[in-house]
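Pasting the structures in now, so scroll down.
Okay, so chain A shows up in both of these, paired with chain B first and chain C after.
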Partner chain A sequence: MQSAAPISFDRAAERKAVQDERRRSSLIDLGVTLATIVAALLLGFIVIWLLGKNPIQAYEALLTGPLTRMGRAGRWLEVATNLILVGLSVAIPFRARQFSLGAQGQMVVGAIMGALVAIYLPLPPVIGVLVPVAVAMASSFLLGLLPGLMKAYLNANEIVSTLMLNAIVLRLYDFVLTYFLKPAGSSTTRSLPVQPTARLATFSDIFPGLDLGRFNLGVIFVVLSIVGVWLLLERMPFGYAIRTIGANENFARYGGINTKRTIALSFAAGGAVAALAGMHLLMGVHNRLFLDIVGNIGWDGITVALLARNNPLLVPISGLFYAYLLVGGDRVEQQVQVGSELVQVIQAVIILMITAQVLGDWIRARRAHGRRIADSG
Partner chain B sequence: MNGGRARLGNCDHRCCEMNQPPVVEMRDIVKEYPNGVRANERVSFEVRPQEIHALVGENGAGKSTLMKILYGMERPTAGQIFVRGQPVTINTPHEAIALGIGMVHQNFMLVPSFTIAENVVLGNEPLRGGFLDYKAAVEVTRNLSERYGLVVDPEATVDAVPVGTRQRVEILKALYRGADVLILDEPTAVLTPQETTELFAAIRQLVGSGKTVIFISHKLREVKEISDRVSVMRNARMVNTVNTAEVDEEQIARMMVGREVFLKVDKPPMQSGRPVLQVRDLEYVSEAGVETLKRVSLNVCAGEILGIAGVEGNGQTELVEVITGLRPATAGRVILDGLDITRFSPRQVRQAGVAHIPEDRLTNGVALSASIAENLIVDRYEQPPFTRRGLMQPDEVARNAEALIEQYAIRAPDGTLPVGALSGGNMQKVVVARELSSRPKLLIAAQPTRGVDIGASEFMYEQLLQARSAGVAILLVSADLNEVMSLSDRIAVMKDGRLTAMFSDVSSLTEEEIGYYMLGVKHMPAEVIAANW
Partner chain C sequence: MEQLVNVVFSAAFLAAVLRVSTPIILAALGGLISELGGVINIALEGSMLVAACAGVLVSVWTQSALLGLLAGVFSGTLLALILAFFHLNLKADLILAAIALNLLASGGTIFVVYLVTGDKSSTSRLVSGQMPFLRDVIPGIMNLEQIGPILNQNLLTYAAFVLTVAVAVFLYRTPLGIHLRAVGENAEAARSVGINVSHMQYLALGLSGLLASLGGVYLSMGYVKFFARDMTGGRGFIALAAIYLGAKRPLGTLIAALVFGAAEALAIQLGNLRVPTQLVQTIPYFATLIALVVYAVVQRQRTLARQRRFRETRTA
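Right, the complex of A and B next:
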């Protein structure tokens, strides 16, 4: 039964087989992701058709909209900047299998804490940007740390705690904005503008004649974050700990990794990156705070991270893609009167299918795990 | 034989009464898992109508797997199943239930907020006008409960009743679905002695009214008390099936722990040195308040193997996890080479020089989705050369993997392969390679050969003996008596969280002698144990 191992074990051949297998499986991965997107688009097509609208016209607007004018392309890149930053932010706890949904609140806290500095403290150029950003990142780091500590040391479910914290923080934001930051006598609920030195110049400012809307130097945050999050997850010992916990928390603990500290810090590190998205909105896009400044970005960012399978090098691609859909959706709304619901349908289908995929992986992993337990049972 | 059985199945009733076929027969069942572990090796098993048939064996002997196959939760790799003489394939629990086979698991599968009646009928509810007929459900539950002596209040919610009652609900659920053959998976593990007595009364009544019960256990006293026949499994094989009346507990124990040919281990004489590990009066009380370690004291010296024998679940797991920092000691001290490591974190314990081959190494000794290379550095990834100036060095990580793959003959093309793609034996080698390459002072090996084939076992023995020759102190915890006896220089026995024996001279020891201590028939006085630390 236990036949003797082959005398010569052809390592080179085996290595080639493994590489082929790996290539095949990454191709399958890519195929599945593309199929998900196509299926979602197809479903949207059917929905529009059922609504009695012209699906071809709608899709033309959706798929070419963002590129029909420079300003729209600028809008696309501006939205992508936000989504990529949030996508990178949530990818960190996700890699440790911590389902932190706190990005929305972390952005808001970062924006408001940064705004206090950026609006009221005149600072020289460059420093005028760096100091508010540092304050924002530190604040969101702490806000992220809270549910992280609760999960790690009290075993509080992170989905619940981050959602609750979001609700609290968003209301606090409204409160502070309405009663403290709104200048007396102003009719709209919004803050004063940030100091001129705290502004991130738009590319339209830098290159007069080039109309890229509000697409701005915040893109530097994106570049730095991609490199930073990649280094963190793939090249730093902390990232090794995160990934190992994500792969098997018991194993990580057995191996000597301080799992509690790592889990708590993974939430916090995500918070720090989410703050950058808030600061991009504050200093680059709007230059002031107003109610509901973050919109849906915290949630869309999660979709972006899932689409990229939490790989920091793929997040920019999925962020660009998703932003394209959102901006295209606005065009559809204007041209075909389908309403932004179309994009939401497509978005929902993508999330559903990805979740189903992730669930599938998860179930397979659980099954394999269960089988191994059965071995010893 | 096959043909004969087919004829039997087709013949009329009178003929069957004369030569009553077994209600369940499993023939030559083989179960091999994708990772190469064989949980059942040509197992044959036969249950007669209206008997209480005990299925015993140590953890990992394959009894749960065999029953999961019968209940349709696992598919056999080979072999046949007959129910009432008819060949059947059972792919799902639904199909098992349709054949009249029900199973009560160790972990109950009930809806806590539903009433007992609702739980009993769940999935097959009596309906009236498309809605649950609650009155009928209560009625049905009460009838079943009275008929089989399983006392429950049908209208109580499940989360309000004690464990013993929940178990009765599970049994009622199976009966409601028409189970004739009930598989009870270690039913007494969760029960108090009183509840156990009630359960046994209920089992007898069930059998009296025509049911058949398969009773999985490793508590021999209970097996002796309740069963008509007993089948013993060991190491994935069926050892024997005997009439319970004809054997005593010791004989069953001997079948369980085995008298296979002693493993041939070439053991050089011991070069024992200083005491490396000193455990003194170690106590552990679990979060649930159970005292699982009671004043355990022992020494392990450099270059010796101290074997800890014992039936699993007598505190061995806790002992290992307290020493390695995975659980906090409640009282007592653990000293490694003069350093008190009692309150150390797992990492500090490792850095003090302790390596640990865990008992559940295929689940917690590796991260399946991570690469071999990453698995090999979990205890040292932050140290040079793997991390320099705050950054990890992928080249060093890969080089380390290549060297260990070569040295330990791990069958993998390179270190980038996920560990989950390896066979069980090779996963084990990854664990051993990592733990031994940390150059430990103390190596703790828990159940080192459980679930692996002969070749992998031999590899493990070689490695342990090499480490011993190199002066490593080794604490070997194993439920396999052969293994403990052939490897150890000294042997301690654990029973109910205590050391009940400590033998300094293994040469004259017999398995029976150790078995008496394992099963609690004999105890050594504390002074004798202390004298042999």
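Right, the complex of A and C next:
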């Protein structure tokens, strides 16, 4: 107890004290996160060494790989675009402590609903991009709303419901693609390309001579989403409601927040952002639909959001970092053959360590203890 | 249609349902214990995968299916105990830690398989042990017309049914099981009467890992005789769904797991009959969503009824 401290009514000083404390706390979080990443990378290093491979060579590939060629840098930025969008989408319900794992399905629904417009409806430039995106976002909003309503009003476990919806959506996607979108006589299961006006130009197209692979104008989605999600979570009443529910749902309800509606909408808002990742894959990267278009991005996005502690301004940093690891992992693959699995193991260790809150709390407790001694002495 | 009816009512179909249901039943029983203990185990998938992998590798190495089984169960249970340690001791979020362990299991097993075989996709080049079938114990059963092939299941399939009864007895008829459910119902209340919440939740997660591991070992050493990357294919998550579809009861969970198994077996059959398998495969997932809603509504009605009764007794 800080019984010795006099009661102060100096608002400005109080606010400053609170802000200082918050800043120190986030510095501790940052330190713990960085230490975790280093520890996980070290573990990978030891594993490769135990394999009898050259860990220095492998880590050189992992840590410099994405920058060794322009095309690889482009691949890095392209992957980061996806991961940042999914990370932002996941951060919204996670902030309300709702474990929506539905990003995978929401991306797919967005991509297929958007694709129906983008492939079959010729539209003028710009509108040709905006209309499919709007359709995709609306569809994924609704897909997100369903488990949100089930959780908020019926208390139905959101993990099970979102995983079930993912499984359903992926099979329906397979069905629609195989039986309706695949052109007759085609041997591979993929759709027709999107309309030329529905393409997001790659930077390689815009600046001839610059080879940035398939890195494309979808990066605009990222910029808009960062600003949008930040405004939503930090500057709007809806975001305040989400954060309050995340901190203490009962407190939020007693404080007059419509917790049910907020929880349901947090799932849906996440869905709308996830749709952008699907549209980036459709209109910017692949220009058509094929079976495994979303890969493992849904799970990777969860890692990205966690690394950033669901802070929309930190998601871009963790997204770039994580994409770097993934692309570097592909390079390691050529050296030790198990690069992508190695990155997966590193990913798992990072999440595990970050979820173990004990370390940060322990440092905070030590500091508080130290301060008490200083105060009393 | 007639063709379909013939398929569904054939002995081979029933045998197939039992075959594909087994890993789901085992994992779902484990998930049920963890759910009733208030610590739902999302890492069932990871435990199954690790157990499937360790089982095959150890059985190849020792030339003993039994040692393979033990190694599989040990490593899958260990994974669940790591989850318990992170959640209960290091205060990690249960869900996120479990997601991490699933990733670790997926990447780690491929890694180990590559180390041992030099192949990243499967261990099919190794000669794995296999858990015995009923035929191996009672050679005479194959002589029985019709029911012979149905009865000739892997012993782990029989174990799944026996364990359903065992889990029911454990949860509802033993002090330990009742304490475990009390912790899941209301941890604070359980603590106040002297139950060690942490021990009970360790037990719940450990048992869930153990049962899921049996399901994993069945996949790689019963259903087939090799380990393949990500061979669990989401069965750990389907098992979670079976708990809700089965209204969180052992018998209900068993029936729900059999429904999922039947849907999977049906999907395989319908694939041969040119019905889109993708649509058939969605049936169990839709069923789960509906079951989730029905279960939630029933629970709410019960709570409301209880509150009404409480008010009535107070005014009376």
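Definition applied: the second predicted complex is superposed on the first by the 329 of 377 C-alpha atoms of A that agree within 3 Å, B and C clash if a C-alpha of one lies under 4 Å from a C-alpha of the other, contacts with A are read in each partner's own complex, and residues count from 1 in each chain.
We adopt the following convention: a residue touches a chain if its C-beta (ideal position, glycine included) is under 8 Å from a C-beta of that chain, and two chains touch if they have at least 3 such contacts.
Since this is a predicted model, take the numbers as computed values, not measurements.
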| item | value |
| --- | --- |
| First (chain B), second (chain C), both or neither touched by A:S161 | second |
| Touching partner for A:F207 - first (chain B), second (chain C), both, neither | neither |
| Which of chain B and chain C A:F180 touches, first, second, both or neither | neither |
| Touched partner set for A:L172, first chain B, second chain C, both or neither | second |
| Chain B versus chain C as contact partner of A:Y120, first or second or both or neither | neither |
| For the chain A and chain B complex, residues of the former touching the latter | 2, 5, 9, 11-12, 14-15, 17-18, 231, 235-237, 239-241, 243-244, 247-248, 250-258, 365, 368-369, 371-377 |
| Parts of chain A lying in touch with chain C, wherever the complex brings them together | 47, 51, 99, 150, 154-157, 159-161, 163-165, 167-168, 171-172, 174-175, 178-179, 299, 302, 306, 337-338, 341-345, 347-349, 351-352, 355-358, 361 |
| Chain C residues touching chain A - in the complex, by the definition given at the top | 40, 42, 86, 89-93, 95-97, 99-101, 103-104, 106-108, 110-111, 114-115, 120, 234, 237, 240-241, 244, 276, 278-279, 281-282, 285-286, 288-289, 292-293, 295-297, 299-300 |
| Contacting residues of chain B [partner chain A, same complex] | 33-35, 37, 39, 59-60, 64-65, 68, 74, 324, 326, 345-347, 349-351, 356, 358-360, 362-370, 374, 377-379, 381-382, 387, 390-392, 394, 411-414, 416-417, 420-421, 424, 450-451, 453-455 |
